[in-house]
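Order of writing sets the labels: A, B, C, D and E. Residues in every chain begin at 1.
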Amino acid sequence: MGSVDAFKALVRRDLLLAMRRRADVLTTLIFFVIVVSLFPLGVGPELETLREIAPGVVWVAALLASMLALGRLFSSDYADGTLEQMVLAPQPLGLLVGAKIVAHWLVSGLPLVLIAPVLGIQYDMSWEALGILMLSLAIGTPVLGLIGAVGAALTLGLRGGGVLVSLLVLPLYIPVLIFGAGAVDAAATGTGAGAHLSLLGAFLAVSLFFAPWAAALGLRISLE
Amino acid sequence: MLEAVNLECVRGERRLFRDVGFALAEGTLLEVVGPNGSGKTSLLRMVCGLLMPAAGEILWRGQGIRRLAEEYRGQLTYLGHHNAIKDDLSGVENLLFSETMAGGEATQKSAREALSRFGLAGFEDLPTRVLSQGQKRRVGLARLAFRARCRLWVLDEPFVALDVKAVRMIADLVANQVDSGGIVLLTTHQEVDVPVRNRQTLRLGHA
Amino acid sequence: MAKLNWFYFAAPNTFYPLAGKMIPWFTAAALGLAAIGLYIGFFVAPTDFQQGEGYRIIFVHVPTAWMSMFLYVVMAFWAAIGLAFNTRLSSMMAQAIAPTGALMTFLALWTGSLWGKPMWGAWWVWDARLTSELILLFLYIGFMALQASIDDPRRADRAGAVLAIVGVINVPIIYFSVQWWNTLHQGASVSITRSPSMATTMLWGMLVMALAFWMYSIAVVLVRVRAIILERERNTDWVRDLKARGAAK
Amino acid sequence: MGSVDAFKALVRRDLLLAMRRRADVLTTLIFFVIVVSLFPLGVGPELETLREIAPGVVWVAALLASMLALGRLFSSDYADGTLEQMVLAPQPLGLLVGAKIVAHWLVSGLPLVLIAPVLGIQYDMSWEALGILMLSLAIGTPVLGLIGAVGAALTLGLRGGGVLVSLLVLPLYIPVLIFGAGAVDAAATGTGAGAHLSLLGAFLAVSLFFAPWAAALGLRISLE
Amino acid sequence: MLEAVNLECVRGERRLFRDVGFALAEGTLLEVVGPNGSGKTSLLRMVCGLLMPAAGEILWRGQGIRRLAEEYRGQLTYLGHHNAIKDDLSGVENLLFSETMAGGEATQKSAREALSRFGLAGFEDLPTRVLSQGQKRRVGLARLAFRARCRLWVLDEPFVALDVKAVRMIADLVANQVDSGGIVLLTTHQEVDVPVRNRQTLRLGHA
């Protein structure tokens, strides 16, 4: 009972903190928007090339945005000592970490999913591809958050942790990227995205099961 | 009830202490004293299970604290150098949250009462970011008001940044807890008189 | 004498009632001019032989594009004054202008892309002017986000000012982009040095609409600045008096 | 005299700090490498498309890497109070900020310039294009650092500052990106990169002149 | 020589104080006292020019400190709640750097001497990250050893986290500086006797 209360309280607190600083929620989103919009500037304006690289670009941008947002997952709790208290709380730490990840995704993952179609239009994507884009992001971004939590926990308090974490998590992000972008690509070329999506789903299930506990372990190590 | 056996602490290449031990019955205050860098904080973190001792063991009611895990942590209240409060939340929100985390029950009303007992009347709803050093410390300490049920308090320099009146009140609170059967571990460099019946002193380093 | 007047109205407590008196006039002017402008735009101006009826979007597009750049300069100007002389009111003006500027930029982008679909066959192309206009939108948003994430109003003003001033460099880029790079977008057809190259009625319609947007912007900014004054000065005696009088009424 | 000493001491200290945490230097670099290498995964392996998008991708990656590194420019000095002492030092603050930017570029910009050709080869770029790529990065990355310093100074100590800073600086990064990637593109298609490069040079001159002072102003404001 | 005229401090919506003024001749210690949150830190930061007063003015030798800028800062040593040391550098490196910044001249040798005077013999070459709370504070304070030339010291709770011996030594150092003609502004909640000839006390808040 107490654990469920603690879970809920933690999610609520983190959402409250995000609301206090609305800029926070907005900025991950805007970062995503900007990265996606940068590519045409670098690559040039031909619609055909753009259409071709669209799924890759949107997914890479989502990946980078999630990765950046990781910095905020534990670091402020670490700096002000709240994390220490969480580790000492009489609740399973994995559960508390889970709560933090849930709140984190609601704040930094969900908005990406919702805005993605608007960006896809810039690249002249078809309606069907846009649908699959949203779906793949909806399954994929939580995976990014879960894997990222493990990396964030391990690099906590290390100087340059922000970049170190990317180094740790990117290798694990790559499969997500490949299947996520692959699903959209498949939809765009009409070969069916089912297989890709179900693999993404499997990633989600596995990481949902393991990541919170691995991250909890990482936190304990980082606090020593 | 809380026992430490042959603790040894090694940080980096320096052995801070070895063969440190104590046994505290209910209703005892342990003052850990020693000069800067003698290992007081390290000892306290060991007692909490945040730092693994290089050798030796810590027992709660005869059982190793690593094994007890959540059961032990339910009995423990730790206050470190950090205040463990969120800058963007108000005092009340911070207090409510930390109580839920600790498995306790606090209400808006009781949280407000606690804060005003700690001299923060009028500041309850400000984000703690804007509070002064000492006021932040008070918000952190206010959780003690809800922790009479925890049988073990570990307080690392609780008086830092507090003004005279606040120091007095925390000292009395600690004394109360001890006299009603709690165990309290405390460090401080200030000379503060905590009026308790049973007190032990542990000296670290060659002061 | 004139100088004295300026200082007099530079204080929020004297500017507040003055702004209150000006708002209805500007609102009326905006409505009137918009009515005239739209009438010219839809009923008087002839159908364009190249672009058909679609070109009428120009009556919104061009004025909003002009306003988007102009408002940015004004915003940066007030912000700079606030930074240099620590005058509260000018910083409040800058803060009040930002959302309207962002709205104008958005409208320019939106109407532009509505127009782009029939003209260029795409909602969006990465042309220099379009891109720099998009940057302008981001600058406005950045300004607002920065101010929103700082609690202390004075710090927010000063930080925002530095950003606004740095961003001014973008405005000439937008304006001259069509000259510096050959792009899809149309070059300036209204300029001070050359005689206008478009039909006189169209020009008139556009100018009237531009004036209407001007009036609208002034009115909205005044409303907003009044709200900001109340919010920031709510602990001063004159705002308390004002509230007390309001309650008494 | 004292000012020059202070300048040198600050550059030396920051380089020393970077050496103490070599991971830091490595990770910006590795981030850059990873981002560039991710694209072929997201976009698909056709060499022709890749060659076409190469300048854009490398430049976007350099931009993102520089942007991420910004978080480290002032934040640790801010957190431990060293920045306060810098502001109170009897030296012109703009000069000290300049020193920090120089050290920052040596640690996080220069390595990108040096590794870029290796990455370009992955995308099958010509030798000439590779040369221009290095040159454009050598002129462009300092500009990114200088502009970024202003953003970093303004967002110092704000929660979510890390992402907010991207929002502030990206608009100003865009011209650098366009001309940087444009120069490489021009070299690849044989139209001559001169004009692009001289524009980049102009950006460098302007930002070298103004940015340190603007950043110094920003720091004073942030410390209030 | 240091004068404050009609200072007013507003933080958020709270007016902390108004019409605060003082005039300190050479060789004076000003103790700023008051309960938590009364505005001591804010006042000290104003004196340093880090915080702009809502009203009033601060004068150094008759001139506004904003105008004097670098000239004033050359005379000033400030020590805040933070220690202003880099975690990854050793004590010696920290000290050498901070002296160069302040426009002074320190050598390896003099830095080592200063550190060992501050009770850090044997810790000079450790990265300060691994030092204890009180040892870090000592490294931060050690720069005072080089700042006799600065005619104005502003110290915000310098005794926090120090053990008894260190408190004594800092108090003596301050007394020395004052008696040799310096001006020192000081806050502390501990009762520490700083043995100087000229002392003023400024009370903030209704303690």
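As a working rule, contacts are C-beta pairs under 8 Å (C-beta built on N, C-alpha and C of every residue); 3 or more make two chains touch, one makes a residue touch a chain.
Just so it is clear, the model here is predicted, and its values are computed rather than measured.
The minimal number of chain-to-chain contact steps leading from chain B to chain D is 2. Top contact pair of chains, counted by C-beta pairs, is A-D. As a whole-number value, the distance joining the C-alpha centres of chain A and chain E reads 45 Å. Centre-to-centre separation between chain B and chain C, using Cα means, comes to 57 Å. Distance between chain centres (mean CA atoms), chain B to chain E: 30 Å. Per-chain Cα centroids separate chain A from chain C by 37 Å. Within chain C, the positions touching two or more other chains are listed as 131, 138, 141, 145, 149, 151-152, 154.
Among the residues of chain B, those touching two or more other chains are numbered 81, 87-88, 127, 130.
Under the contact definition stated at the top, the residues of chain A that touch 2 or more other chains are 21, 23-24, 27, 30, 34, 41, 44, 76, 159. Of all the residues in chain E, the ones that touch chain D in their complex are 48-52, 70-71, 73-74, 76, 78, 80-89, 93, 97-98, 100-103, 127. The part of chain A that touches chain D in the complex is made up of residues 21, 23-24, 27-28, 30-31, 34-35, 38-39, 41-44, 49, 52-53, 55-57, 59-60, 63-64, 68-69, 71-72, 76, 158-160, 162-164, 166-167, 170, 174, 177-178, 181, 185. Considering their complex, residues 122-127, 131, 134, 138, 141, 145, 148-149 of chain C touch chain A. Those residues of chain D lying in contact with chain C across their complex are 150-151, 154-155, 158-161, 164, 167-168, 170-172, 174-175, 178, 210, 214, 217-218, 221-222, 224.
Those residues of chain E lying in contact with chain B across their complex are 11-12, 34-41, 81, 119, 123, 126, 130-135, 137-138, 157, 160-167, 189-190, 207.
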